[in-house]
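Notes follow the structure.
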Amino acid sequence: MMAVSVEEAVAMIPAGARIMVGGFMGVGTPERLLDEVVRQHKTDLSIVSNDAATPGKGIGKLFDAALVSRLTATHIGLNPKAQQQMLANQLAVDLVPQGTFAERIRAGGCGLGGVLTPTGVGTLVAEGKRQIEVDGTTFLLETAIRAQFALVHAFLADYLGNLSYALTARNFNPIMAMAADTVIVTAEHIVPVGVIAPDHVVTPAPLVDYLITNG
Amino acid sequence: MDGQTVIARRVAKELHAGDLVNLGIGIPTLVANYVPADLKVFFQSENGLIGTGPIPEQGMAHPLLTDAGGRPISALPGASTFDSAMSFGLIRGGHVDVTVLGGLQVDAHGHLANWMIPGKMVPGMGGAMDLVTGAKRVIVAMQHAAKGKSKIVARCTLPLTSTRPVSLVVTDMAVIAFSDGKASLLETAPGVSIAEVLAVTEAELVIPDTVPEMKI
Amino acid sequence: MMAVSVEEAVAMIPAGARIMVGGFMGVGTPERLLDEVVRQHKTDLSIVSNDAATPGKGIGKLFDAALVSRLTATHIGLNPKAQQQMLANQLAVDLVPQGTFAERIRAGGCGLGGVLTPTGVGTLVAEGKRQIEVDGTTFLLETAIRAQFALVHAFLADYLGNLSYALTARNFNPIMAMAADTVIVTAEHIVPVGVIAPDHVVTPAPLVDYLITNG
Amino acid sequence: MDGQTVIARRVAKELHAGDLVNLGIGIPTLVANYVPADLKVFFQSENGLIGTGPIPEQGMAHPLLTDAGGRPISALPGASTFDSAMSFGLIRGGHVDVTVLGGLQVDAHGHLANWMIPGKMVPGMGGAMDLVTGAKRVIVAMQHAAKGKSKIVARCTLPLTSTRPVSLVVTDMAVIAFSDGKASLLETAPGVSIAEVLAVTEAELVIPDTVPEMKI
């Protein structure tokens, strides 16, 4: 793990990058990293995130700045800007059921090629996908998702990079911290080693590549 | 009593002590208001919490404790939090005893359509498909008809949420159950006759010998 | 969740039952439940457990009493009794790579039909299994495992059934607590509600069917 | 210096600051003893721990803190614990930088066999197959020969652990690397000649122009 400034971290991200962003309706999102992505005007981004949040909040800021060309998400219902960009063909959106979305990211982080899920069988979601029968039940084969970068927000990070999360801000952050080539983390509090008890660490230190230093 | 309240009160009667319950947005959210104080059920919020409590008092909200819509909630003693893979492991794995969801259409087979209206904006399915596929019981809480058109249809014309049939539909007019591809009228709402239900129900309804009035 | 005595809990288990047992080489194993299984002499058991531990310890006690007719595990190298029973055809053993074992149990608990893993491709483990290609890489389809009962050992259990685990005694316990029809738990300490902070609960209360009361 | 020490000391030189390292039982376990005190690496124990420390002092062992063999260990400041799905998610997902494992045979393609001897007792593969398939680098630490028979073979006759080739084999006689189906002699152990290595190596070895002696 390396401690870096938010400017240095975002400078590593090229235009056109494929990026996972933690958070659920803007809760548990690395806001400082997103603000800096907007400031450095990284364009043509391919984003993997649960939702599009709302304008001005969390991942919503990237749509405000029209930086996203492709979005893999479970819904965009509360962000009219993302919807407009989709209807104007400026934004391609892949919609994925939320449980499938979580499993595909987890598979990507855990070295699995994919999972068999009953969700979506017999619906529009099944179109173009392989169906596999196990003991007489039909499942969809849903393949792994990975990204070049994961932008993760934790509650506590220690000096080594161990992370813990608070309440409903955990959401997709721990699984995304496993599913990207480079993992960049913001934390509400950076604390000494040992403050997070071993049993309470959710993301072990070796998974974190860069921790954003305080302001 | 308005239709939403009828629905919410009636659905609340379907919950049992110890149940893990997931409530969708809209009418389903109201169900929590009608659970008796001495009936201990666990409410899950699919963004990663079991043990959701009421909206916190003024000044007590925490930005990292919200429902799936991002609105502040509270947590009860004994609550637990977890990541999204776990949250949907609970849902898909059959650990959620009851989910209550809104609906656009339910057909005679109990198939639910509630996520997409073709030609209109596509907001996305969120967690609905996993909930309908995975929860032990799926209860749809919705108005019986919209703009005079039955939402209990012979066959869904909107895209399905799942091919797994729902257990029960509770509307402002009736309680309907599904088995073997047939919809049965279990109860009518207070002051609503069987004939009135049939008049606004497109799907064929099996009418048992006795159809009691909802007790709410 | 119901609080019951160890005698009552084990009385629910029929002979021939399929049972998952938490623990890793006897660490994090529900010893009291296993002692009672031996005392009530439940025979012909089909056990799913990481290993066979050692004679006299953890799951090893079931082999000492010759109660197991089938074992799904990742290795039995340190239990000569289990080995003898296998060689004498009294015990059928299905050996599974450890990561595959964990994923199959997790799939069972999470409603997945199975996962695609690269582990075992081109080895004896692949025999009789479907191979599935995703983007040019070959994976084995490994199907979900479930059981009738899971015997789980926690460090803390609160009055509602929320569980947390200690150090390396966590191992397979949390995933097994999701993958069985009936989940029976022993805990080193039963504590009031609220002692385990929400962020530190590993197994949420609704997953637990029976908690064994203090002796 | 005995063979095991030579192997362990040489393997230790392959570790870099910040590496997440998983050591198998036997000779690999010894590697931890030869990591310089100022080189911070994370050791994983696949039963659910990152940050394993030395064997605890007399009277300080905890029964719930053991290595994968069930023996008491300690944990360093900054350690973390997790369940088995996470532990093998780390392994299969490529998050383990280096794994060091024992071997029965390694062939010219770098294929490792280390879990089963047909006709003998089958102890089971434990975590070996996942480690060889998933870790970023796989280093085999083993004696060069057993009972005079080369363990570096032309083709494995024992069942493979994985079809994924290992990166490096370190023996009491040599360091051998694998690429494109060919085994290359990188280094010889102190006091061992190339001819001596070749004499007890069944696999064909590519001999580069310079083959330095191991620095240990």
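Quick notes on this one:
A, B, C and D are the chain letters, set down in written order, and residue numbers restart from 1 in every chain.
Everything that follows uses one rule, which is that a contact is a pair of C-beta atoms (placed from the backbone, for glycine too) under 8 Å apart; a residue touches a chain by one contact, two chains touch by 3 or more.
What you see is a predicted model; the values in this text were computed from it and never measured.
When the partners of chain C are compared with those of chain D, the chains appearing in both lists are A.
Minimum number of contact steps separating chain B from chain D: 2. Per-chain CA centroids place chain A at a distance of 34 Å from chain D. For the pair chain A and chain B, the distance between C-alpha centroids works out to 29 Å. For the pair chain A and chain C, the distance between C-alpha centroids works out to 32 Å.
Touching two or more other chains at once are residues 103, 106, 110-112, 117-118, 165-167, 170, 198-199 of chain C.
For chain D, the set of residues that touch two or more other chains comprises 49, 75, 81-82, 85, 88-89, 91-92, 133-134. If touching chains are joined by edges, the resulting network of the protein chains shown has some other shape, matching none of path, cycle, star or complete graph. Annotation, chain-chain contacts: A-B, A-C, A-D, B-C, C-D (touch as defined at the top). Listed in rising order, the residues of chain C touching chain D in the complex are 24-28, 50-51, 53-54, 73-78, 83, 86-87, 93, 95, 97-103, 105-106, 117-125, 155, 165-175, 202. Against chain A, in their complex, chain D makes its touches with residues 18-20, 42, 49-51, 75, 77-82, 85, 88-95, 97, 133-134.
Looking at the complex, you find that chain A touches chain D at residues 1, 106, 108-112, 158-160, 162, 178-179, 193-194, 198-199, 201, 204-207. Within the complex, the chain C residues that touch chain A are 103, 107, 110-118, 130, 132, 134-135, 137, 139, 141, 143-144, 164-167, 170, 198-200. By the touch rule above, chain D contacts chain C in their complex via residues 45-49, 62-66, 68-70, 75, 81-85, 87-89, 91-92, 116, 121-130, 133-134, 159-164.
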